[in-house]
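I have placed the structure first, in the form of structure tokens, so that the comments after it can refer back to it.
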Amino acid sequence: GCASGGGGGEASGGGEDTLAKLQDAGKITVGIADERPYSWVEDGEPTGATIAMHEQIFSELGIDEVEVVEVDWNSLIPGLNAGRFDAISAGMSILPERCEQAAFSDPEIMYTTALMVPEGNPKKLTDLDSVKEAGDVKLAVLSGGIEAGYAEKLGISNPQSVANAQDGMDAVANGRADAFAMTAISLNWMADNAPDAGVETTDAFVQEIDGVAQIGAGSTVFRKADTKLLDAYNEALGEITADEQSYLDLVGDFGFTAENLPPADLTTEQLCAGDLG
Amino acid sequence: MGSDFAALGAALPRILEGMLITLELTVGGALLAMAIAIGLGLLAGSKNIVARGFARAVIEFFRGTSLVVQLFWLFFVLPLFGVEMPAMLVGILALGLNYGAYGAEVVRGSLNAVPAGQWEATVALSLSPMGRLWRVIFPQAWALMIPSLTNLLILMLKGTAIVSTITMVDLTVEINKLRVDTDTFFAYGVGLILYFAMAYALTLIMNALEVRAKHRLGRGESLGEALRFRTPTRDPERETAA
Amino acid sequence: MRFQDVEKRFGDHVVLKNLDFTVNKGDRVTLIGPSGSGKTTILRLVMTLEEATGGYIFIDGQPLTHEERGGKRVELKERHKNEIRKRIGMVFQQFNLFPNMTVIENIIEAPVHVLGLSKKAAKEKAMGLLEQVGLADKADAHPLELSGGQQQRVAIARALAMDPEILLLDEVTSALDPEIVGDVLGILRDVAETTDITMLIVTHEMQFARDVSNRVLMFDGGHIVEEASPEVMFTDPKEERTRAFLSAVLDH
Amino acid sequence: MRFQDVEKRFGDHVVLKNLDFTVNKGDRVTLIGPSGSGKTTILRLVMTLEEATGGYIFIDGQPLTHEERGGKRVELKERHKNEIRKRIGMVFQQFNLFPNMTVIENIIEAPVHVLGLSKKAAKEKAMGLLEQVGLADKADAHPLELSGGQQQRVAIARALAMDPEILLLDEVTSALDPEIVGDVLGILRDVAETTDITMLIVTHEMQFARDVSNRVLMFDGGHIVEEASPEVMFTDPKEERTRAFLSAVLDH
Amino acid sequence: MTGPQWNWSFAWESLPALLAGFFQATLVVTVLGTAIAAVLGLVVAIVRYVAPAPVTAVVTFVMNFIRMTPLIVQLLFAYYLFLQVPPLTIGIVVFGIHYATYMAEVYRAGIEGVPAGQWEAATALSLPKRRTWFAVVIPQALRQTIPSLGNYAIAMFKDTPFLLTIGVVEMVQAGLVFGGNHFSYLEPITLCGVIFLLASYPTSLLIRRLEKRLAFAS
């Protein structure tokens, strides 16, 4: 039960030192959207890749306890800015529009895309280009997800929107859709945990649009005013992402591989600027 | 299937917790909504044009804008102006305002349906305006409005699912979690049954109230009728003129 | 009670015009006249269920709903109306008993909540009235379980329970069984004789008018055609209109 | 119309028991008796609004709702009841006009939808009836806009529009203005004289009973106390109970 | 300082998507769903009066079950049960049936409110059952049910976001997608609210006019 919304910081932080306050309290509240394998609650305890990472990083910053507030995906940034919690622990993609609303930490997870298809992959799909070529493929995408944008830019006709990953898997399993495009991490996790669902995932790929590889990365989100907290966090994060083994020790259990470790030269500024080339 | 039940067993304590949240929201919201419905319903039916205009504006506003939007504002936007309320309070407030606006229409309609002669008799007896309403008119309108209020109560019970927007983990959230570990149809089947059980319990209570209200108006039927599954009906073709 | 130049119109339809008449304390006045002549409307005006569109009505010298102030017709405060209203009781043709209350609850409602009587005192008084109208055994029944005649008697008891100074009766015997009309008549005659209650009675039972009232007003076309004691009115009416009406009524 | 050993009980309350009587074609029978004696119930039984709990009712020799088959009392088919019902008309004390229809629509409803008359023919007939009851100008009014007396006359016209063989009238004059009682009486007398319609009348106006009917049944305690022509019944009743009732009724 | 800062050009930009969602899904589902609910609800209410007891029991059970369980689950079940049916059609039918169960209850109250004398008069005139229902009882019962019909039409309006469950993007979802892409929900969601209001207020006016018209006489 993290039912009450009593988050950490005061409304819109202002110039206050949130870091110091969190250290005093010994506790940080983060917002999650019940997305596996990033962050969710199981048996009353928060768990997941970003949770694991945060428990380690925040304890290094002198904040021993990570509490979670579960909230709809769409409520994450508004909740953060309203002071309902102090950070978002959901592996949120770094996108220019989002950067205007909140501060992203350095990249933590590289995203690749995959397709979930019926077992045996009857339409022999490999990536979104193959979907476009096949023509009569019913493609499902997460409503508001990056893949929806890809599909639109590629001119794939009438992709079907689904509300969440589960709906996407059900759509494929029940024949409402021929393929469901989403991040490889999530799809693999779901397929592994539902062996009887009659679905499989394709190999991960980096989608290219107009010759530009669509690199995607996610990270932790803070309020723009909490610069001290962000800086301290980035410093601690750097120690983990600098070393592949310590990265995998933390998140390997959740299906992450070395592919998911961001390259050292990729910066949040780049991603926020939409500069992918 | 066996693993589905294992997952259900494991999730049961949390599902019950979620159910409790759902019930708290429903009951709290219903009480607030009832108060608002009566207040607005009375104003909306009053002769005073200012009072009526005010009530209409409030009703149209809260009925016309969606609950998600109201929740969103109360929970995420108000704190930016320094008003921060716990999620449960926000949930009850939004549910109460929203469904209270719907209820106001029901109250207004039912008060209208009480025969004019009853109002006139209260005037002839010099009852105070409050006495007229509470002791004579409302008890008669009450019997008329219960079926619609029951509908609204069920709508509200199911409408509480929206509170996941504001960080609350209610029954729907728990069912969605269960869905990850089980077949979708299994999880939703469980949800179906649980919502149905709660709605049914609420309906029984409301049916009992309806039977009692009608009984008080001399339109008899025993309370035993309320314990049946079907809602109380009468056979109009057999009923004789009073 | 005095009507002064009273006018009542519904939209364009003028029901009463330039109506002037006075009823003295303790008078028992019957209004007779054809259907639609405005008899019920007069009672409703006195009970403040309708508002006159012109003129003034006085109860005991006090204005009822409007008074003249500086040459203008001004509406009075609700509180003032309430005060006066308490002294007036009305029995409706459709009884209008409260179905959400038992018979006794109907009767004690106003005494307890308006006059502030104790429940016990009000009940005692109510039982006395119920006995008077022959319904003591129905005290705990629901109004809808009663026959029309019984409901009407309860309605009379309810109005009397407020000890009104003025009692308005609108065709109170029309729903009654003929055997019972006699009883109700007896009750009202009783009341008339033992109190100095003022009664304004609308009826189409001429026998009733003759028995209870000491003055009869014949109404037609929105004003009073003739006014006399019942003896004179029923045996030797002056006006042609009255004669025609009475012969039609008494003749069938 | 014949009642044979009819019993009617509401729960434990026996209203009619071992009731036997016959009404011949063209008879105009008045039922009189104290309140609660079961007069209305008899009309409702004939109209199939209530079901007898014992015995049989025959219309024109045909069983109405139940017949005896192999020593058992068997309920008849709805279709059969419908066929018989068409030949019976009823006017209610509370009129029961359909408020969602205009006056003329009320009247043509059954002729058009039960007898299959064309709308035009039904309207013509309805207008004739409205003229007869003096309400031709109210054809397009809504029932709620009419006074009680006008509503009652419309209800009579509505029942007559079906050309019933049997007409049931339940205290049809109690809501009427005295001037109009005469008119309605005239209408019914007219009908009685120009058709061989059978009438079963419940009334508490003895004058009315005397004028319209050719036979009077005095009811009490669930059975017929006395039966006679009006002349005999009102001047020289045999039974003590009748005498007491009549003296109470005629005396006030 | 991140406060609610209203950006007009952003609001303007989101409008086409919102309107598309409104006309293609929200409005279609609400209007057709309300029509189905109004008619089917009446049919159910009548069936519960006239059908033989076992049929009534079954209909009542099914009706109560649908009424008492979440719309979103019903949408999902129908979606996967009728794979050949287009989602929008499923949405219309499921919304219609779901709200029909509410309407049936309201009609029941309305029918009960018709005085017994009206039934008796119809019997006395030998009116056929059908005529009694459609010419006498229903017109009188409708009068009381109109305010509730308005309530449910408006409630249905606002339940349309559930349509996403079956892959239909209506106005609010279009707004959320737009807001999600640009990470500001303020403008699109506020606009959604305004559009809801603009749509529901005339509905409410219409309903109250209907109410007045159905009042008998003056």
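We just call them A, B, C, D and E in the order they show up, numbering each chain from 1.
Assume contacts are C-beta pairs under 8 Å (C-beta built on N, C-alpha and C of every residue); 3 or more make two chains touch, one makes a residue touch a chain.
Keep in mind it's a predicted model, so treat the numbers as computed, not measured.
> Note the shortest touch-path length, in steps, from chain A to chain E.
1
> Would you kindly say which chain has the C-alpha centre located farthest from the C-alpha centre of chain D?
A
> Pick out whichever of the two, D-E or B-E, is joined by more C-beta pairs in contact.
B-E
> Taking CA centroids for every chain, report which one is farthest away from chain E.
Centroid comparison gives C as the farthest chain from chain E.
> In angstrom, rounded to a whole number, how far apart do the mean CA points of chain A and chain C lie?
Computed from C-alpha means, the inter-chain centre distance equals 81 Å.
> Would you mind pulling out the distance in Å between where the CA atoms of chain C average out and where those of chain E do?
50
> Rounded to a whole Å, what is the gap between the Cα centroids of chain B and chain C?
Centre-to-centre distance between chain B and chain C: 44 Å.
> Can you check how far apart chain C and chain D are, centre to centre, with Cα atoms defining each centre and the answer in Å?
Roughly 33 Å, centre to centre.
> Residue numbers in chain E touching 2 or more other chains?
Chain E, residues with two or more chain partners: 2-3, 80, 115, 117, 120, 123, 185.
> Residues of chain B touching 2+ other chains?
72, 77, 80, 184, 240-242, in rising order.
> Send over the residues of chain D in touch with two or more other chains.
Expected reply: 49, 94.
> Which residues of chain B touch chain A once you look at their complex with the stated criterion?
Chain B reaches chain A through residues 10, 14, 17, 21, 72, 75-77, 79-80, 82, 84, 86-88, 90, 164-169, 173, 176-177, 179-181, 184.
> Where on chain B does chain E make contact in their complex?
So the residues of chain B touching chain E come out as 60-61, 63-69, 72, 77, 80, 102, 105-106, 108-109, 113, 144, 147-148, 150-152, 154-155, 158, 161, 172, 184-185, 188, 191-192, 195-196, 199-200, 203, 229-231, 233-237, 239-242.
> What residues of chain B sit close enough to touch chain C in their complex?
115, 117-118, 120-121, 123-128, 131, 135-136, 139-140, 216-219, 242
> Spell out the part of chain D that touches chain E in their complex, as residue ranges.
So the residues of chain D in touch with chain E come to 47-49, 82, 85-86, 88-90, 92, 94, 96-101, 109-110, 113-114, 141-145, 158-159, 162.
> Please output the residues of chain A touching chain B within their complex, sorted ascending.
1-6, 11-12, 31, 34, 36, 40-41, 43-44, 69-72, 74-75, 78-79, 81-84, 164, 166, 170, 193
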